[in-house]
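As written, the chains take the letters A, B, C, D, E, F and G, and residue 1 is the first residue of each chain.
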């Protein structure tokens, strides 16, 4: 438990430390202006925008289909989920029914992507506490998921996989056995990871009680997804308002208790296993059929506003689409969970030691591509 | 041939340098440093006397050890006081530490 | 002859770095010079066949006290470090005083007669010192231990600052 | 999008004429001056107490600040819009209701130039501090990057 | 075996260290360690005792081993402060060690049941082990200094164990009281041994006894002073009048603690000290007289208080006081045989009585005997062992107490202290009365309060039974084994049973029992009525002769009054004069204060400047310069 | 084989003596020769160690590690050194140039000096000092000061924080580090390294002093800023800590000193706890080598498994765990020795 | 707890120490990529009708098509260039091509030493198609 400096009563000269934009553990080009008193963080100021590409502006100049590749570049660790959120918004606005097989493929790839994203999170959490080896282990597993993506999407990272009305590619031959093999290996690998990191006293000591956000604060800070659930709020869009075909699967929503860094980390480990469970069920029940609905060649969204969000790997990924009836969006607002999560960071980091600040930052799992858009 | 006098002279010189530092420096930490030099010169004396006057009895060494112990304690306390004063006054200048006058 | 050279070099190190320590305007440089001076003093001890003391000197003075000094410097760092260690108004008087003291001490040293002994220093100083400490000087030894403990606790209390309420 | 009319009925008592329902029946429209009390009322006395999104849209004739509020129980969403004068886009900040509004309002200010009064630290967040203009406004001139 | 006697105190010490530093968290292991260490000590001490008897080690020719511990001689070959750590085995210490280790073993077993579930379980056993170590160190010591260390350590243990439940304010207060009261005695003791050392140049018992017996030139007055100072130690530790006040309060500790420290062993350390240093005491008849009378007074005085107390542990505590008075008196009249004999038997049965009381308290969580009643049916083992103990304490033939008490009465009578003899006999009667008052009220008769007593577990009753066996047979066995041939001073001596004295004391004791039976069982006499009639006496006894209050009053009035006086003197008289000077000086000083610049470096400059000037002055021929 | 190196030394000695120098000068010359030999040995080993670290880390992480340059990547280090030496030597503009530069040169000195007394085999040490172990402790304590110089001289806040951490950590951990040896010193009654090794003829001190060995491993690890205790250079927080600003050859000095320290630690551990050169069948120096590298491997294993410890836990571990444990170990050892002596005196054995 | 976690971690890492390694010895051993991988593009000149749909479909305006009228006044491809430094590798061009003339390939070694060389000339009327030479080897 970090003792703030004011409590211990020992104060020395304060100084300002620019953490970032080039720093090993800011997960990209993010900068935190830390006011330090020795090892203690007195004040934190977020500085973002180093990766700002103006996606919302770009969207206004791209057709609906053309914008899909750009969504990959938001949360580049969970491209498929971003694609999904965007095409779902357009489908909702246009009222398109997606074929069942396509929905199943979306669920399978989406959950794979969620596992991959969570693996990156736990890996970088370990790495930020100097656990190089576990980091490698998790990336090894993620690499296998990317191999699977390579088979089905043709790309590893920026998948551009979804299309309005369905998915572009059907499941290729050899994909399912490979996926089965991966799912069979995953629990053992996750246990290994747990043994190296989750049960490690040093790790637990560094994350338990660090960066605590209680449920009330988490809600006020607009946290969603795993970060919110770690604070003990049972809210998962896949359960609360099942979109796609999530209502057909049986899975649990893990919850944390204390809302500290350890809970946020551990929740991801638990969710990985739940996602694997969903994929297995989806594989067992996937129907035959089309993978694309009948959609016009040129997409025109009727005039009006649509807000749609999905349960992304880092929280609720929302799209607010204003259409003037043309082929391009009039306004597209991207509500990115990382951006919101980062807003809560100063509160978590204040009054802790520098190392705790790093652990807290790792635990909220930000992706700067998504923060800055 | 190096004799006792050489060592004593060296110690005397070191002592004088330490005294100069302790008396003529503004910063409290520098004053402490000067005092350390003085203590060191005393130690040289102790060891030198031991070496040249009664080598079989290592009393001088023992005393030097005690001096080192006291010096360590002195530095710990001294620095603690300096830091404590710094917290109040945001200064480590000895000239400012004159609350005891009058 | 060789002994004289060694002594000369060591004395030069001690006095030179000692002077540099006092004259340096930069407090951190002073501290580093002081560490070198201490190493030189350790060499002097070796020259005087006091190996244990030399090692102790390095361990305590260089490894701990110098480090503590620079730590203190860092904790109280403020303003320009390059002019952190300037002289006060006693520069001249202090210097003259030190010089006078040196002259007088030097004269005393050369006018006194010493009752020199021709014995050699025993080989194994450590166990002899240990014997002395545990027999004749057992009470000072325990007192010193107590002093260290008290100093430790006291230093923590002073540096932390005692809260006025419990 | 949940049925906005139910909510409107409960709010009518307090804010009788200040609120209305938009033409498509999807959003609650409030004038910019009344946004803070209305949102406060919604947050404190209805289930929609989670600020899911906050942004603005630059329409040719006006500016709208759009709030999406969520019901954390069953993920129900409502949309509240505040209409702003384009020449003087000012509105009360809701940072005091939701901490998360802090970054969202800064973003909206940065990209659309809406000034949130009462925001503790309203400055640019995504664009550099010396950036001129508000890029998501329709009148913002995009200079295409020079391609090699 | 005897050469390994040094192991006896060592085992408990190891147990203490292990428990405190390693196994504190694990209760089972802690108990195991403590018990194993005690049993090991017990085995060794039995071996030592047996070997002592077999090898014919006597008081004159003890077995002694010592190592140099602290040598503070300034120069070789000149006697300075040399302190040994050594062991001295003679029948006295061998018996005492056996008593301590056996009782400690039993009490530790008993405590397993008694302390069960206490949060400080491991700590308790650590302290107990430490106490055992300290006590055994005290017993085995071969010199006064070592003994003093043990003496202080048992004091510390007593403090720790009385205040074991330190969260209870009364326990904390009692611990402080015990500690502070003991300081008086220990201070005297320390002065005594310092004086002793100054006069004799040694702490060693055997050397001392040789010196004294050779009649080294030391004035009788000095010896009296030394012995009186040393006697201050037992005075406090064995709770003799007037420093007895701490012992009743000490009952705040856990009952097994009361049993071993404050009944059986630690308080008897005073008696042991008297026996150990008897060679000195015996050299000063005045001191002997003081000891005898203080013992007698304490015996009587405590017995009277015990008559009216209601708290079961306090009754036993005052009984202990009274019996300690007996022992001290016995030594005072010149018989360490009798004193130590009574110490031994008393240790067993008083320990048992306390453990029985503990068993009762453990069962009903109340200490007031008038809230008990009818326990005999619920707790048969406790009751009957308690009765055996009480009978033994009352001195009923042939139980242990009879033999030892009779011995004391006999030696008192033989030594010609007739007054003391009758007083002691009276005390014997009173002892029987209050013990059986306790028994009839607490164990027999109707149940007076809503308690759900039940027999304690075998861990607790087991030691009771073992001790009961001791209480029955110890006295007789020791007489048969020739205790007088073992523990004596000067020449072996054990008085034969004098039928007259034995009969008188037995009759008085029986009378006391019968009286108690009539009053408290048959209710022939209404206690309330008598209490009303004898109101002043009752109140006096109930309030323990107001000793505590007197001390408080003394402190409040004499000390503070003196303080007030001095204060007034200071303020009015001294200050008046001083102020006059002061004003003058202040004005002068006002001018001088300007040299106080407050600058450290300024001061340093002045100091070294002064040094230089002094050296220069000394060097100049005008002042007869030393330096050429 | 056993005396292979000793014989070589003897040959060189004879050679030098052949020049007709007197006894003292020959001794002095031999010390210099041995010193150079040790220096070469250390530098070679550092190269091997860096390669080993990378390779071992790779293996722990299920990858191969360096395998491109030279056979099995063995030349990687040579290339790295060439690369480092050919890089631009940057001195930050605001740096305290004297301190900044001095630190880089000084960092290697105490490390090398530590090797002076380590017996690499029977009779294979440069000087067999009376005070061997104490000398090592004294010399290695100087490193703290130099690391501070590096951290302070860089004029970089990360470096400064790194330097502060280094001081706090190394000064604190020196205490249990020293205490961990005290048990051994009590058992041997000597500070001389060769005596300590010879005392382990029958049984290694790791058996008699297991707790001290564990304390030594932990505290030693903290002393050389490795493994879970690499706070002074904690990459994730402080970029590279006290050597953030160092480049090129100066950085290489820090890099090499780190590994030289690691090796020194392992060598001390092998000497004090693992019986030094003692061992059957193989020649002594080979045994020493094996033991040293086993310890190095252990250190690497730990370093590549554990996350970094937190600052306050670091202090907690030191003051509340290691210090009492090492003190208790000393007390227990003392009692044990006394009991043993008494038992021997009593003639029970 | 109390160190069990540490020991467990050590046992896991030592297990992996002896497990087979996953490193691919890349330049010597080339990975076999699945068919679907979109890493490089190729143009089937025969199929291309120079309609320009691909250029329109491209989100980032990577494709430059120059056409000319041939003798039959039919549009004919004159030059087809992809500016690969801006390519998103989304494959929308290939997807939108009505004749499936532009296809994706698995060659991923696209690195080049200068910006100019990142331009990918898939067809130029009077030149051999560039795709037969590796882009990285152009230097």
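Please note the rule applied: contacts are C-beta pairs under 8 Å (C-beta built on N, C-alpha and C of every residue); 3 or more make two chains touch, one makes a residue touch a chain.
Predicted model only: the values in this text are computed from it and were never measured.
Touch-path distance (fewest steps) from subunit B to subunit F is 2. Among the remaining chains, those touching subunit C as well as subunit E are B, F. More inter-chain C-beta contacts link the pair A-F than the other of F-G and A-F. Using the average of C-alpha coordinates as each chain's centre, G ends up farthest from subunit B.
When each chain is reduced to the average of its Cα atoms, E sits farthest from subunit A. Subunit D and subunit E have CA centres that are 84 Å apart.
Annotation: 71 Å between the Cα-based centres of subunit C and subunit G. Separating the CA-averaged centres of subunit A and subunit C is a span of 60 Å.
Between subunit E and subunit F, the centres computed from C-alpha atoms are 57 Å apart.
Within subunit A, contacts with two or more other chains are made by residues 12, 133, 137, 140, 196-197, 200, 202. Multi-chain contact residues of subunit B, defined as those touching 2 or more other chains: 19, 23-24, 83, 86-87, 94-95.
Touching of two or more other chains is recorded for residues 601, 605, 608 of subunit E.
Considering their complex, residues 328, 331, 335, 346 of subunit F touch subunit E. The part of subunit E that touches subunit B in the complex is made up of residues 593-594, 596-601, 604-605, 608. Interface residues of subunit E, counted against subunit F in their complex, comprise 3-4, 14, 17, 21. Here subunit C touches subunit E in the complex through residues 88, 90, 93-94, 97, 100-101, 104, 107-108, 111, 135, 138-139, going by the rule given at the top. Looking at the complex, you find that subunit C touches subunit F at residues 26, 28-29, 32, 35, 39, 51-52, 54-56, 58-59, 62-64, 66-68, 70-71, 74, 81, 123-124, 126.
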